[in-house]
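Next, two complexes with chain A in common: one pairs it with chain B, the other with chain C.
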Partner chain A sequence: MPSQQSEPPDNRLARLRGPQPPQPYTARKITALTANPACARRAVLDAAGVDKALLAQRVGYEPRFGQSPFALAREQAFHGLVKWGSYAELIRLLREQLSVPVAEAHVTDLNEVGGNTALHLRERETRRLITHVASGQDVRLILDRPVLTLEVAGQTAYLEPDALTHRIGGKFHVVLIRSFAAIDGQANPTAVAEAAKQAAVYVLALHHAFETAGLPTEQISHEFLLVCPKDFSNRPYGRLIDLRQELDALQFQLSRLRRAEDLAAQLPETATLDTARSADELSSSIEALDASYTPSCLSFCEMARYCRDEADGCASPARLGSGVRNDLPGIDSTRTALDYLDGVAAPGEAEAEAAARLRAAARLRRLRQGAA
Partner chain B sequence: MAASLEELEQRLSHLRTELRGAVRARDKAETARIRRALREAEAAWEHALETEAEPNDEAFPVRLPAPQTSATTGAPCRTERPTHGSIPIREQVHQALTLLGAPAAPKLISSAYEAFFTESLVATKLASLRRDEERSFTAQGYARPYYICAALTHDRLVPARGLLALSTWPVERRIIGPLSPRADFLTHAVGTAEQIQRLTAAGHPAPDAAWRLLRRFALTIPGAYDAAAPEPDPARVIAAAHAEAAVHQQEDDQQRQAAAQRARTQLADVQQLFGAAPMRDALRDASGTLS
Partner chain C sequence: MNVLSTVATLTASRTGRAEPLTTVRHQHLDEKPFVLVPLTLAGEACAPLAALSGTDPEHPTLLTVRQPRNRAERFRFAERLAALLLAYIDGCRTETEPYTVGRGKEKEERLRCRRAPQLLVPNGEGISYVRLLGRLTRLRATEGPYAVDQSVPTLGKWLTWFADLAEFPDSGVLLAMTRLLAANWATGQSSSEDSHLASLLAWIDPPEGSDGARAAREAEDPAVWPPAGPSTDPVFDRTLHELMTRYDEASDGRGREAVGRQIDRELSGQMLPTWRLMWRGVELLRELPEGAHVPGRWALDRRWFSEYAEYLEADGRPQARRDQAVRAARRLARLEDAVTRYEAQRAYDDPLVMAEYELTGEAFTGTVTARDGDRFIPGERPGSQVWRPTITLRTGTDVRVDLAVGTEVKSPARPGQEARILEVKREDDGGHAVVLQLKGGFARKRTPPAPPGTLAEAGEELTYTTLNPTAMPSALPDEENTPWTHGGPPQPYEPTDEDAEETWE
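What follows is the complex of A and B.
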């Protein structure tokens, strides 16, 4: 198939996916990818827009994973509440907690442009508005659901933050609306960290938009506004959260992400990720992609259980967590590690240090057992 | 005021037409309902005529519970609830919008209606209303005294997302500029507070749902809410909403007028009510954004 090989690699990804419609890149996916940048499997699956939940199901791993419909409904209800009455609660929050002047109440709904909801139209309108606002020709307090783009692993991702606000200290802030409660000003730290990672993706995308428009990026804040329900009520509560650490981490990891196209190009020509194909074909294609399983994958990846069984099979140290993996540098299997301890095999030069430490640990453990 | 008198007159003639139809169809229940509505509307019209000179009379056309009305008819609106469910949905929306006084989202329309009329108005039923109304208008324009129509965005004059308005309002009132959502929100707050005041003055305490709605408004308008008081004070809400509206008014009015001017010159009648055609291709977008 010489003609297909000369096609741009974008089509290679599309061919892998098959006739199914592609799933969009979301901030959630990008944070998952940056949480485990070494995972080629996830990088290619996301870049090709494959429905991972369906894929996992096809290869026999029903994902016990995904967002609960109740949580989604709650999230939507809270969104509706914050945006009720022309963003009345959000405006109140900005005024009371971030001292926005009363005269500022300009809003633009970017959920659609001229009755059209196409992403590229909304993206262009967002860019136009941001340019006008940043250069001082226009004023907006709130941009509702703007659309930004970000280059991830060689793919353009369209991102929709909940809102952007311009008027906190003259800087652009990303606003995230989440439905976990902040009780006495304290919210679930895991949930906040997750939100911060996603906000960092949006802020990076905003930086990207400013750079393409030739605007000074100093106008973008390195903080984001997190809106969540206050205490046990439904009243929105907001806090600015610093993002510098997340931004640095994200930037570093995005730069490390290998281009998904290059990864896909290494696959055999017969590989397919089309969910309509047989499970055997799918399994062999998935196996051809390197995964890097860690137990934390279980909390954000649909394919995690598949990868876990695979890691079990080859006794990968990472199966036991990143601590064990880091203690066994260069040793790719716990079986090998046990062999070194039992003296069945001799460690090579690269593994000598790790093997020595293992032996020391084993001696200490024996001593302790003897004492007890 | 003239506008509301006109509205009432339109409504009277509309009701008479309906009555004729109902009598012909020998629908007794419907005839009785329309007759009652007609009597109420007549009373309201009389009242509006009397108080024409008085300010603050954005009279609520149908069930105006002013003291005179309830005294003369002897049957306050509250007792006339056996007509449950028989009011057409466009009628319900019309009543809610007249009360709110500015273009509003279906959710707000339904909560306002349910708050004051203790009848249900399912917001999801409003989804197709605008399209039905447009079809009716295109088939025989201006045959009805009013239409439920769209609010228009100030830049492209297309229908604003998820907002319903009344065709009897001037175009300016239906334009949505950057400041208009907030200005309209303040108008809604004033409308709600005034209706509560009107009901209280007429000796009918407003339903709890109405107070809840007012409280929601009051909490989000600076200076409208007194944390110590158990219930918000309508007069205070009105004053606070007016104070904030005054801040936005000049800029908002300018944008509305400019856009309305454009709408009148560029759009056909049906488009002035229901908005220009939605944007399709990218080329039109490029030319439209720069205007």
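What follows is the complex of A and C.
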């Protein structure tokens, strides 16, 4: 996808990326970033728009995320179904399942503006429409694929929610269309949680748009509409899901994100993240960025297996999961912890209590294992 | 996660081999388990793609769906799985044994099967698959439009029964291999990595000449070790997609059959490694001795099995789409009881599990230094005397005893004997002297001398804990006596036409 990420002329991040086209920020990337806000590596790579999958491959770690053609086909089919006939299915859903009085069914397609798909044009048009609808000068039931912006770590992210509607209770609602099934009214909780996090990103971006336009943000709902297939069929099913908790968490995490530019400024002048450069150059630049690896990274970050090997190398306790890490407060390496267990190193005052607990457990383990 | 497993994980991360977390196995492992390795089509809620199943490690039965979007083919898959699983279930019902329930007047003799089915799947997602496939098939009608074979709804009811019981930690009818193995061994990797069967087994049972850590990493490569399912590897899906397109477009029956056989081969190749790992896991688990409470828990599973089989013959209505409030409350209460009882039983059966409670101060171990076998104290009736011997336990110097005077405790060595802490005295060397008053467990004797073995000898090492595996479960009224304030007795679920016609796209 072509991107029009706005960039000041002398941009360290752009120089790091080199001549490669930048990868845009997506809601998924933002939620991944807030899942691990301490990770400077991911923050800089995303802000610079580096293709992480390609980068991981260049340093010897083929990412193992791929989408199955079956999953892709299903997703497209379901999206197509919901949107078919100017959102006929979605309108039916609004009427029947959410008892929304739908008088008119005016849909505006924001996938393009006069044949132009440029993000900044679509963003401007979205803002214009929202202003009109919010101030009552115009009516729209659904805005199809609007474009919103959000500041993330000092960078502007362009975001594209599936749809916006403002007919539920007279408020603006973000609509997400997902192809995981809701069986007897229950969907996979992990998938719903991920969708909710992404919806929170869109709602926050919507707040941003309202504030820029000087509109009252009370018109934005703190719920979003999740549309997914019902049971084992293809029929759309929808429910409103409260987002207040996700919104609070997201705002907090975004405020904690350090500005990616400040992080990048600490890199040596020779550093590069240009995927066309040699693996050695790339590795040393990646190493200069602090990662904060945890096993959960494996499920969403392309660089995770690189970081895992690095964490293995320095015996980071977090690589073994939060349980182990919590049992080793103040001890920054499992090798040190093992030295305390063996009695070959003496713990400092801060680690004394944790070390004593470990020693007691190890002693008991030896005793009870022998007892059997 | 507790400190003991942290120590085990640390040790494993150094040695490159998994470390034992238990001294016994706490789950029943049947002589003849039914192993099921399923695959589903990506992107769909529950579209069976293939399965390897059966009770013979050398001869798995291969089931495939060459055109998973075809409704009829999906139900044919369900029929074929039903033929295998229902035959296995029937085989468990051939022999019965009597047992008694209730006490006193309500005492009743009943019959239960000597065996119960045990279904083994690779991982937690496998359990979800069993639940979904059960939900999908149990509400189908066997006559009228969209009729399916009679075995399909029966399969659905049984699969739902398996999945419902799988939530209970004390049940062993449906188990996930990764969870079974991870309960017994700690690896030097995180728990999310342990949910990968090949990688977990590499730590426990590394190939010759390799260490677990390295082998586990190699096992993560889907090209070498296909995922244990039910989700397939997206790269493999590309191959499959191509074959299925060719299958659809084949111009004649012979060409189609040739492509169909190729699909079968490819799918089988994706599941066979997992099938072998499953049986390797079974072997490893069989090498562990069984915990003392395991046969008792399995007897309970056999009872549930017999009762459900009888229910299916007598009534046979399927489980509802969703539990009613009363049923849900009852189920939650049973679940909570089961968790507490299971945790206590595990600790009683396994000193390594008990050690967790010793570390948290809910249990302590000491050596008997003194005993008073002739002690009497005033009883409840005025002037009466009851026999309550005491023993004094001396703990090690670094043992914490956080239990207060008056706490009721028990020892796994004599679970029928109640003990109460009378005194805790801290000695100069840091150890504790604990005086315990004993009640009962003297082979029904109410006066001294204590029968041999019932009263601890000096020098005996004993562990006492607040855990009690025989604690009475919370009581709820019978289902038929649900008061009207709670909606009265719940009505069983009647499947509707809508259920039968439910699309399965």
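What we mean here is this: the second predicted complex is superposed on the first by the 350 of 372 C-alpha atoms of A that agree within 3 Å, B and C clash if a C-alpha of one lies under 4 Å from a C-alpha of the other, contacts with A are read in each partner's own complex, and residues count from 1 in each chain.
To be clear about the criterion, a contact is a pair of C-beta atoms (placed from the backbone, for glycine too) under 8 Å apart; a residue touches a chain by one contact, two chains touch by 3 or more.
Predicted model only: the values in this text are computed from it and were never measured.
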Chain B and chain C placed together on chain A: clash or fit? fit
Query raised in the report: After superposition on the shared chain, which partner residues are touched by A:Ser179: those of chain B (first), chain C (second), both, or neither?
Result: second
The answer to whether chain B or chain C touches more of chain A is C
- Message: For A:Gly115, using the defined touch cut-off, is the partner it touches chain B, chain C, both, or neither? Pick first, second, both or neither.
- Response: first
For the superposed three-chain arrangement, angle chain B-chain A-chain C (C-alpha centres, nearest 10 degrees) equals 100
Once superposed, chain B sits from chain C at a minimum Cα distance (Å) of 10
Residues on chain A touched by both chain B and chain C 235
Per the touch rule, the chain C residues reaching chain A in their complex are 1, 3-11, 13-14, 20, 23-24, 41-46, 132, 135-136, 188-193, 222, 232, 234-235, 237-238, 240-241, 321-322, 350-352, 354-355, 358-359, 398, 502-505
As the complex stands, chain A meets chain B at residues 80, 84-89, 91-92, 95, 102-103, 105-109, 111-116, 120-121, 124-125, 128, 139-140, 235
Note: in the complex, chain A contacts chain C through residues 64, 66-75, 179-181, 183-185, 229, 231-235, 295-296, 298-299, 315, 319-324, 326-328, 334, 337-338, 341, 357-358, 360-365, 367-369, 371-372
Listed in rising order, the residues of chain B that touch chain A in the complex are 107-108, 153, 156, 158-161, 178-179, 181-182, 184-185, 188, 216-217, 219-222, 244, 247-248, 275, 277-280, 282, 285, 288-289
